[in-house]
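Chains: A, B, C and D, in written order; residue numbering restarts at 1 for each.
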Amino acid sequence: METMTGLTGLFDVFLSAGLLWLAWQALASTDLFRAIVLFISFGLLMALAWARLGAPDIALAEAAIGAGLTGALLLSALARLPRDVPAGDAGCRTAFVVRVLAWLATMGLASTLAWVVFHLQPVAPGPGNAVIEQLEASGVGNPVTAVLLNFRGYDTLLEMAVLLLALLGVWSLGVEAEQQVTGADPVLDGLARLLLPLLILVAAYLLWVGAHAPGGAFQAGSVLGAAGVLLLLAGWRLRAAMSSAWMRAVLVAGPAAFVAMAVTTLLIEGRLLEFPQAQAGMLIFVLEACATLSIGATLAALYLGGIPQAEDDA
Amino acid sequence: MTAADLYALAGVGLVGLGLYALIVHAHLLRKILAINVTGSGIFLVLVGLSGTGPDAIPQAMVITGIVVAVSATALALALMLRLTALSGQAELPQDPDDAH
Amino acid sequence: MPLLVVASSLLPGLFIFALAEDRVRTRTLLNMTGAVVKLVLVGWILWGVFHEHHYETRIPLLYDLEIVLRAGPLSLLFVTLSTILWLVTTVYAIGYLEGVPHRSRFFGFFSLCVTATVGVALSGNLITFLLFYELLTLSTYPLLVHRGTEEARKAGQTYLVYTLAGGALLLFGTVWLYTLTGTLEFTPRGIVDSLDSAHHPALVVIFVLLIGGLGVKAALVPLHGWLPQAMVAPAPVSALLHAVAVVKAGAFGIVRVVYEVFGVEFSTLLGLTTPLMWLAAFTIIYGSLRALYQDDLKRRLAFSTVSQVSYITLGVAVAGPIAAIGGVVHLVHQGVMKITLFFCAGNLAETLGIHKISEMNGVGRRMPWTMAAFTVGAFGMIGAPPVAGFISKWYIGLGALDAGQDWVVLVLAGSSLLNAAYFLPILHAAWFRAPPARWPKEHDFGRKETAWALLLPPVLTAAMALAIGLLATLPFSPLAWSRLIAAREFYQAW
Amino acid sequence: MDGLVTQLPWAIILILLPLAAGMACFVAPRIAGALGLLSVVAVLLATLGLGLQLASAGVYRHSIGGWGAPLGIELYADGLSLLMLGITALVGIGVSLYAGAYFTREQAGRFWPVWLFLLAALNGLFLVDDVFNLYVCLELIGLSAVSLTALAGTTAALAGAMRYLLATLLGSLLYLLGVALLYHTFGTVDISLLAGRVTPLPALWAALGLMGAGLILKTALFPFHFWLPAAHGSAPAPVSAVLSALVVKGSFYILLRLWIELYAPAGGQSAGLLFGVLGSAAVLWGSIQALRQARLKLMVAYSTVAQIGYLFLAFPLGGAAGYAWQGALYLLVSHALAKSAMFLAAGNLLRFGGHERIAHLDRVVQRLPLTVGAFAMAGVSIMGLPPSGGFIGKWLLLQTALSQGQWMLALVMVLGSVLAAAYVFRVLGHAFTAAAVPHDPIAVPLRMEWAAVLLAAGSIVLGLLAVPLFTLAGIGGFAGMGASLP
């Protein structure tokens, strides 16, 4: 990237300073709600930073997942925390000595790292160029998608497992998702009805465009997830749907598709996830479609935060 | 220095902040926030260090990282809520042994 | 072949664990077949060795380390002893434990214990020895605490603290030795004399470590603390413990280390034998003195063991051929005599509920056979001819004079006097005092003085003690074997 | 037939099969138990297959997607991977047998998917040659381990799980930061390529320092063990077994690989010394804590802290001549079997007596001879008494330490064994004391007892298999192990 000059350079300085300041505020604020809101805005700023770093894919993912869904999770968690639980003033109860030591240690580490990062001299070039050279062979035009789904598709396979695993973990706590006590809020409900098709459209677009431009399964999936969250907020009774076996099928669709793809490519080409040149684009699209579905479903289910129970008031 | 370096350094700063907060804060929600901040910092380093021109591989790694982070956060929050419901406080017992 | 000898008690033991408590017949059958088979096998090997056959089993353990079981003369001496005494003790134990709970567990560990002992005897290198030595520790513990009282548990703990710490020393020494020599094979006149003198200080430390580790089981003062406490064990266990299994394994180990790891000449060269000799002498006197003041019969016998076992160490430490014969042969003699004494003590306890010496007045008339056996054993311990004990002491004495250690004779004389001092009163009370109106806790065995299974073993072993004393000059007597072993150690390889 | 056996892509089966099975269990909880057990057996068979493959064809490589490093990801399996996979499969079988009887129907529905994911992640960890993919595996392992810990549902378990989650997340983040530095300095995340490119630079040291810190945090090396006792001590018995036997070993395995491939070439003596010191501290501190515990499972957990310390004693010794690595690996394997057996046995005692206070175990211990036998055998291996796997391991370490004149380390090793004996017999001492008050026991399924017995017996039998096992582990000559065989 070009050395910083003029306005853009100034912008970068402000942006990075703002990141540090927001993070510090979020972590230091005595009020938990305020902390979370600050954290969400920190996430949005991160998205900006990604854009500046020429990583629009990450920018999208950060905005949708890092800021959006993580924020929603944090807020709903805060809402479910019993009122009487002490909020814990920002760490002032920890012994002064401990804090001083911690400060010295972390600052020492940070400054060392800063020095290392600043003087880092690559001894060998990364495979960045290889990505560009092999892009045709990968079957997609967007290098990031190519890496995610093809070159390092195996990472993504395991990553889908991580996502599903998080849900398994949440459910293994054996908590039932509590029923929405407040009935559907009319305003929110109307908004949801309005936004739902739009969001689905956006998701579909991101999924499709991801092949050659910024976007892809994760961004699309998170938009779907956001839609689900919206519906839950609007008090739609999705639990019945979410508790069904179908739901489970949707949840595993992504990782299952990956495993299936892995096996078939193994059988056809003799290598794990080695896509036949001609069909690569199509196969990857199928994978991404399945992934999008289960990412959306999983994120929504994570937001629900408990094992969905079939409606008992029916 | 380039803007990328700047962001990488900012990332290092975030790592420092996050680690410090993780150590000193008792409240689990804050600890979770701290972990997330640390993660973001590391992601910044990972991408920011690719000096000349954007490199798709670290970017893909960061996307993977973001998804892992949100999964971990969701699990952590659920655990925190369950623990709070049982023990009545959103903090870890001082002595791990007599959590009984 | 040696493997079979080990297996002949291991397998029955494992089966016995699986047996239900009430399957008395099967259990007895298994025990006896195991014991008899082992006896036959040992006889076979003896015959073979006499005809110049070589019996050896090698199992690779790790790189250049192997589990080696070899039937050398020294091993055979000990194996024969333990095999015969196991058979006898098994009979005794079956009688003794009539109707006691957890018998399957007991006999299971009993067989394991014997397996370990035989393994110790047959082991052809230090690591194999170590292996069975630790197995012995573990398999004895359950027997020790079998009574399950709080007292028993305490005693068991003490036993473990001592023996496991000893085991650690032994391990440390063994590994260290291995890093120096690169071999742990038992070989006459040792494996270390080839090392250059730079290593000699290290070797001294290793010697101390090894002897320290073994001394715990051999109950060398001050490492003897566990032995008197171990009295809480049932009589057959004490008998086995003192005569063959634990204590004897320690003493046997000392013989091995001095003769076949360091070699007598080399140990003397390092100036190690003299302190060992003093230690042994001190233990002999100390044990006898303590024994003098015990009223509990088994405790008195225990301290007598502390003293008697050190004769073996003494005989070895004197570092002369003749004394060596005495020491090695005492391995057998002490075993036979001491087991007799413990059998008798057990009989008194079982039949009349007698535990204290002060209760033994006139018991000789009530139980003539038992007390006769006891008398033989006691005289043996004192070292009165013609009982076996005399021979050991005689040779050790001669050897000491021969090696110019005249003071040892004084030690022997002194201990003999002390032995007399703590055994003769018992015999006097038993034979010449009038029996009390009623015994502490009498069981009725009809016209017999006690159950056959309890009576036969002591009488048998007493007879043996006499026999090996009287027939010491015959070709196959323990004495003959000991001469052979001493010859190998002091003159040329066999 | 033999041709087929050696041709099949066993390594890939080892990863994908449990993954698929886990998802199937999630979709169809009813058949989870049967399906799970079946797939674990299949994993064992696949491991055998891989063993045959390596034995006949040497190390195994597979470049995923056909791209090859540095663009793609490489699978790599040598003797070391095989050893780890084997022990994982064996412990897996034992634990699965046990779990089948341990959990309620409802719990089982949640246990199996997560446990199978964990199994897949472990296998993946042992098979991949790529530091970033290792990061993903670490996260999979961490999250699944935490979820399994929380399965117990008690406050203690949840607190333990929470602490564990924070620790493991921090660990993987530090590791990831190190990966970032490595990638940008040497332009690859492939271990073999890295090994070829490493040159002692500040960036390398920073990277290795961060990764090392993260990994020892996950391995719970003293003083980073603070999270382990709470988690291992309060999780359900089969989970504790897996955590102590396998999960902490996963991060240790990475550390070992990186050490041999990256640290050692860059000259990491000082770090090795540090590991030695921390390891010694762990051995002593863990053992003493184990002695002080009143609850059985906490005692066993602290014993794990101590035994992990032993593994790190190899680092200061590994550089020079000797069998340090072999010793450490043998300890690792036998500890995996012994410790899982111990936890399962503890679970039986807890289930039978309704409590786990060591001081009042006597009447419980009396009635479960099989379980106590398992505990005793496992104890023998932990103490390092012959003949057991633990003995072989300690012998090799001790021999190496003494031959290099490392007296302090040697002393620590022996001391640790004695302390181990002390805390093991604290429990066994009760086995023979007469049961005082009778109580109403909850019957323990025979299956649960036998699972413990088999694992424990395995840790003993291991003592006689040293030669063949080292031959297998030597495939690929990791850390010169192939060479050091006679």
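Keep in mind that, in the parts below, a residue touches a chain if its C-beta (ideal position, glycine included) is under 8 Å from a C-beta of that chain, and two chains touch if they have at least 3 such contacts.
What you see is a predicted model; the values in this text were computed from it and never measured.
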| item | value |
| --- | --- |
| Chain nearest the overall C-alpha centroid of the shown protein atoms | D |
| Centre distance in Å when chain C and chain D are each reduced to the mean of their C-alpha atoms | 43 |
| Separation of mean Cα positions, chain D and chain A [Å, integer] | 31 |
| Chain centre separation in whole Å, for chain C relative to chain A (CA means) | 74 |
| Centroid distance [mean C-alpha coordinates] between chain C and chain B, Å | 67 |
| Multi-partner residues of chain B (each touching 2 or more other chains) | 15, 19, 45, 49-50, 57, 61, 64, 68, 71-72, 75, 79-80, 82 |
| Chain A residues counted as touching two or more neighbouring chains | 113, 117, 120, 122, 126-127, 131, 151-152, 155, 159, 162, 165-166, 169, 173 |
| Junction residues of chain C - those touching two or more other chains | none |
| Chains that touch, pairwise | A-B, A-D, B-D, C-D |
| Touching residues on chain A, where the partner in the complex is chain B | 1-4, 8-9, 12-13, 16-17, 19-20, 23-24, 26-28, 32, 35-36, 39, 42-43, 46, 49-50, 52-55, 57-58, 61-62, 65-66, 69-70, 73-74, 77-78, 80-82, 84-88, 90-91, 93-94, 98-99, 102-103, 105-107, 109-110, 113-114, 117-118, 120, 122, 126-128, 131, 143-144, 146-148, 151-152, 155-156, 159, 162-163, 165-167, 169-170, 173, 175, 218, 295, 299, 302, 305-306 |
| Chain D partner contacts - residues on chain B that touch it in the complex | 15, 19, 22, 28, 31, 35, 38-39, 42, 45-46, 49-50, 57-58, 61, 64-65, 68, 71-72, 75-76, 79-80, 82-83, 86-87, 92-93, 96-97, 99-100 |
| Of all residues in chain D, those that touch chain B in their complex | 132, 136, 139, 143, 146-147, 150, 155-156, 158-163, 165-166, 169-170, 173, 176-177, 180-181, 183-184, 226-227, 229-230, 233-234, 293, 295, 298 |
| For the chain D and chain C complex, residues of the former touching the latter | 323, 369, 380, 383, 385-387, 392, 395-396, 398-399, 402-403, 410, 414, 417-418, 421, 425, 429, 431-434, 464, 466-467, 485-486 |
| Touching residues (chain side chain D, partner chain A) in the complex | 9, 12, 16, 19-20, 23, 26-27, 62-67, 70-73, 75, 106, 110-111, 113-114, 117, 120-121, 124, 132-133, 136-137, 139-140, 143-144, 146-148, 150-151, 153, 158, 177, 181, 183-188, 197, 199, 201-203, 206 |
